[in-house]
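You will see chain A twice below: alongside chain B first, and alongside chain C after that.
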Partner chain A sequence: MERRNAIFGIVLVVPLLLWLVITIGYPLVLCVKLSFLNVEFIGEIGSFVGFSNFVEVLKEDILWFSLLKSLVWTIGNLLLQTGLGFFAALVLNVNTKATRFIRSWVVLPWILPTVVLAIMWRWMLSGTFGVINYLLIRLGLVSAPINYLGSVKEAMGALVFINSWRWFPFISVLLLAALQSIPQELQEAAVIDGANGMQVFRYVTLPALRPVMSVLGVLGPLLTFNVFDVIWMLTQGGPSKATYTVPVLIYERGFKAFAMSEAATVSILSFVFLLVFVAVYLKLTRLNVGEYMEQ
Partner chain B sequence: MKRFLLFSGIFVVAVVCFLVPCSLAQVEIVIWHMEQPPHRVEQFQRTIDAFNKENPNVRVRQVVLDWMEAYTKVMAAIAAKQQPDLMFTIPDFTTAVKPSGAVQPVDEIFQTLDEKYKFFESAVEPYNYDGHYWAIPVYGMVHMLWFRKDIFSKFGLDPNNPPKTWEELLESAQRIGKSGEIYGVGVPASKHMYTDQAIYTFMITNKAEDLFDESGNLVFDNPRTVQAYAFYKELYKLSPSDASVWTWAEPQLAFNTGKMAMAIEKGQFLLPFEEESGVPGTNLGCAVVPIPQNGQRGSIYYSNGVMVLTKDQSKLEAIKAFLSYLFDPEVNGEWLAGMEPGLFLPVTEATMNSNAFWSNKVVSQYRDHVELMIEQSRFGKLFGFTKGRVNPDIGKISGQNILAQVVQKVCLENMDPAEAVKWGQSEMLKALQRKK
Partner chain C sequence: MLRVKVEVVKRFSLGVHLLLVVILVGFFAFPFYWILVSSFKPTEELIRAKPTFIPETFTLAHYRNLLRVSEYPSYLRNSTVVGLLTAALSTFLAFLSGYSIYRCEYPGKRIISTFVISSYAVPTTLLTVPLYSLFARAGLINSLWSLVLVNVTLTSPLGVWLLKAFLSSVPKEVEEAAMIDGASRLRIMFQIAFPLIFPGVAAVAMFSFVTSWTEFLFANIFIMNEFQKTLPVGIARFITQYNVDWGLLMAGAVLTSLPPVLLFAFFGKSFIRGLTSGATKY
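Let's look at the complex of A and B:
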């Protein structure tokens, strides 16, 4: 019976495994293979060059520059998204007519197609026609239009804001679900024991959110680090490489400079970097969870 | 005897049944192009429908792409052996796709069409290298100075005497821009093909059009190029603040809505000018691009072409039929003028003299402008394709918009133009040396 169950289990898992092999395993192997060849265009056979692509790419300043930009992008997004998401979740957790209405609509930015979002923000932030600059000037807050996406100083901030505006509803919905799963009695008991609002938040609410936050802590950086579409559609990594993140470097190397093997090499390096991050993160969060359990 | 007749009858019916579908089998030709505005797609569809109706054995189908994704998509399609049969192109794009091995020489098609319709040499030249023609030119595009006559009058400038020199251009732009209401001029500083083209136009007028010398050495870093970038920076200072992210649409809108008095662009302003500006078309001025002292007349000119990406014999026959239909002067004239009057200039003498082209409402309204553009085309040049030489690796430079990146260094990072051009030269060398 047990053996039959095991076989049945395997039968159920095999399609998923096959799917993973086809959609993740095969492209990954191809990418690794490409990084050891000197292929310029997709479809070229190329010849084996050993580790020379890795040596060349690691020597380039642009790799480290784009990695730094990716870190700024990722950290900026995580801080803003988490802050906004947390705030929105706490507000929406209060049960009123208004919050019930907002709960249905807060996800709107998240479900907008990227193209729509990019075009919308591009025009809203335009220095010549944009409604945001128009309002700021009319209100007397600025004297000249601010070039949000076209200025080396402002572009990264503007992109982080736009991407956070898009993704914070997702975080707030996840946190809201976690908040709503906290038994009311726990909070009431804490209040009866003399805890003030801040203490209830610190000792009851926050620990209950920790599992969701832990998952977000690993998914958020991975998803954000790899974002390409919004950046490409709004700034193409510019102006003057102000938003030139690793995915933009990979795309440009592969499809603009026609150096597919170098693009694959940067991809592999970026993959390894993220893998190390996940390993470290999991190790650290497991320790934290252990500490929390001991308490 | 009866049995013989019966079998013969069955045999004949079988043969007919086999042959008829064969003769009726349609050959499908898929064309990829990057002309996205809806009116262009509609005009192309009208031309395709007319051809399909006349040629029931061929079915031509258009697929529209964005220029931004063209490189990526065609490479992926070639790798998957799913490439289109025909693809629209520009000269440097052809050099970029050609190493994939998918681009087929079009010598025979070209010669047949050339004998009948006579292509302009400047349109053909960038596609003729390595002993073959690699695309058939379909329309030309050239940069001009566009200016608003109504704005010129408002600021006391002579609307019938547009700037002819760099100094006059700068002075006019400063005079208009001083008001704070309207930008005097608009030049882009985005990492985009538009910026590549705009700066190159100024490089040409300053006699810095050659990126390579006769021996094929990169000579981008030279004093004349530096001068062109330094002047460009002066113009950028007078441009709308978001010119650093401009693509094609923004300058046109800024110009047509009267927020900007002058632009260096191609002829796409003609069609929407009256509707978007709300003023009569007589207020739209068109002039040759101003030149510096000791400079030369010129601007970027390039022909868009069509590449053949199939080796299938039946498809090749269908392609010949389609192209000879498309180049028929009356069809071609109507197609070009209908796609975007003023932007798409004829590349054959036959179409140049066709009634269909000149009778288009917009072309006839702005006939002087169109004639001036055609005249300016004779002074046109394209980077990587000067001195009758074609650098096969120019796609690596244009693909990365290195000319535009140098503009960004100068205009956005305030780098000294000489240093920025030096940086550009080293980036170009890196791009060229990347080939292993």
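Let's look at the complex of A and C:
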């Protein structure tokens, strides 16, 4: 019986595992292989060139430049998203008729198709017809309209803002769920024991948020670092490479310059970079992902 | 005296809270309102220097143009086909694996569940190059199946995770009772567990459909044939054109976001329940 149960369980999970091995595992191996060959167009056989792709790519300034852009992009996004997410979660944590209604609808920006997100913000941020420029001028915050997405100085900030607008609901929903799970009595007991607002936050609220925050801490950077579609649709890495992040570099190398091996090399490097980050992070937070999945 | 003071503070903080709620709603809802009203304004009003917050004239011209002039109907059909196939396959795989991981006991389960969720650690841009060459060899370029294959990969791992909260809420006794009555494992799974966790299954299907509906990177690379293109790719081309027809874009944006928004209206609650179950273990 025990054994039959085990076999049944394994048979059920095999299809998904096979699917993932074919669409993720195999491509990963192929990518590593490509990075040691000199393939340009898809379909070429190429020949083994050892580490020369890595040596070449690492020597290029554009790699380090785009890595720096990616770091600015990732950190900017995480700060803004977390800030907005916290704000929304705290506002929605108060129980009123309005907040109960908004709680599920606040996720809308997150489920919006990227192409709509791009159209929406290109329209609102437009330097000529944009409603944001209009409002900012009316409020006296700027004197002349700014073409946010077309200016070297503003483009990265505008993209970070747009992407954060999309992702803050996701963070706030998770934080809110954690906040709501704190038993009311626990906070009351702390207050009765003489804790002030700050102390309640530090010793009761924060510990409840720890599990979510630590999962977001690893998921957030991974998801953000790899964002391609928003950037591509809005600025294509420009203007003058102001938003040229690593995913844009990979895409351009592979599908515009047709240098497949170089693109594969850059992807492997960025993957290793992310893996190191995850390993360090998991070590520091002693987070067990498998356990978290199962608990 | 003290009573009055408490009352005043309470009123005040309620007022502040209301203000914050209004700011929050304005922040996330105004852009939606803005593209919706913009899509109904005639072009002349649309590009006026001083925008009108309530349309002066109401027109459906942009929607008519969209359906007549562009390839929109063909994009729409392709996106729907890919979305439905993705939703069906992804939900099926997630249900099987979710049942296995959260309902069965066997060695190596923890490794398997870690493996499944770690698939999100692999950058999607990394997959583009090798998947392209894999699909080129398999003759899947320009085929909608290539998109279904990738979209299931992007959605089923999270689907497994979404089902967790629902599966663990089904009492073991229900299934044990059926087993004593002689029902087979498969029957218990599909005829007893499946209906009981249906809200969760619907949430997974919704998430998969919406993700597929939104997916741009792979759809942009794998499909070059105009008639196989999906909505995001078809519409994205208009954004960076030199002479943008804003009205057409607005109408396209509104119609493209309708299906996800409607689906969310129906299944959003279960989706959020599945998503947050991991966060609330306290």
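In this text, the second predicted complex is superposed on the first by the 277 of 295 C-alpha atoms of A that agree within 3 Å, B and C clash if a C-alpha of one lies under 4 Å from a C-alpha of the other, contacts with A are read in each partner's own complex, and residues count from 1 in each chain.
We adopt the following convention: a contact is a pair of C-beta atoms (placed from the backbone, for glycine too) under 8 Å apart; a residue touches a chain by one contact, two chains touch by 3 or more.
If you're wondering where the values come from, they're calculated on a predicted model, not measured in any experiment.
In the three-chain model built by superposing on chain A, chain B clashes with chain C. In the superposed model, A:143 makes contact with neither chain B nor chain C.
Of the two partner chains placed by superposition, only chain B is touched by A:237; chain C is not. Of the two partner chains, chain B is the only one touched by A:49; chain C is not. The partner of chain A that touches more of its residues, comparing chain B with chain C, is C. In the superposition on chain A, A:129 makes contact with both chain B and chain C. In the superposed model, A:16 lies in contact with chain C only, and not with chain B. By the document's definition of touching, neither partner reaches A:95: not chain B, not chain C. Looking at the shared chain after the overlay, A:184 reaches neither chain B nor chain C. Contact with both chain B and chain C is seen for A:255 once the two complexes are overlaid on the shared chain. Within chain A, the residues touched by chain B in the first complex and by chain C in the second are 42-43, 122, 128-129, 236, 255. Of all residues in chain A, only 2, 5-10, 12-13, 15-17, 19-20, 23-24, 26-28, 30-31, 34, 42-43, 87-88, 91-92, 94, 96, 98-99, 102, 104-109, 111-116, 118-124, 128-129, 131, 134, 165, 169, 173-178, 180-182, 208, 211-212, 215, 219, 222-223, 225-226, 228-229, 232-234, 236, 246-247, 250-251, 254-255, 260, 263-264, 267-268, 270-271, 274-275, 278, 289-295 touch chain C in the complex they form. Within the complex formed with chain A, the chain B residues making contact are 71-72, 75-76, 78-79, 96, 99-100, 183, 189-192, 240-245, 250, 253-254, 257, 259-260, 395-396, 399-401, 405, 408-409, 412-413, 431, 434-436. Of all the residues in chain C, the ones that touch chain A in their complex are 17-18, 20-21, 24-25, 27-29, 31-32, 34-35, 38, 46-51, 93-94, 96-97, 99-107, 109-134, 136, 149-150, 152-153, 156-157, 160-161, 164, 185, 210, 213-214, 216-217, 221, 231-232, 235-236, 239-240, 246, 249-250, 252-253, 256-257, 260-261, 264, 268-269, 272, 275-276, 278-282.
Across the complex, chain B is touched by residues 38, 40-44, 49, 122, 126-130, 144-147, 149-152, 235-240, 252, 255-259, 262 of chain A.
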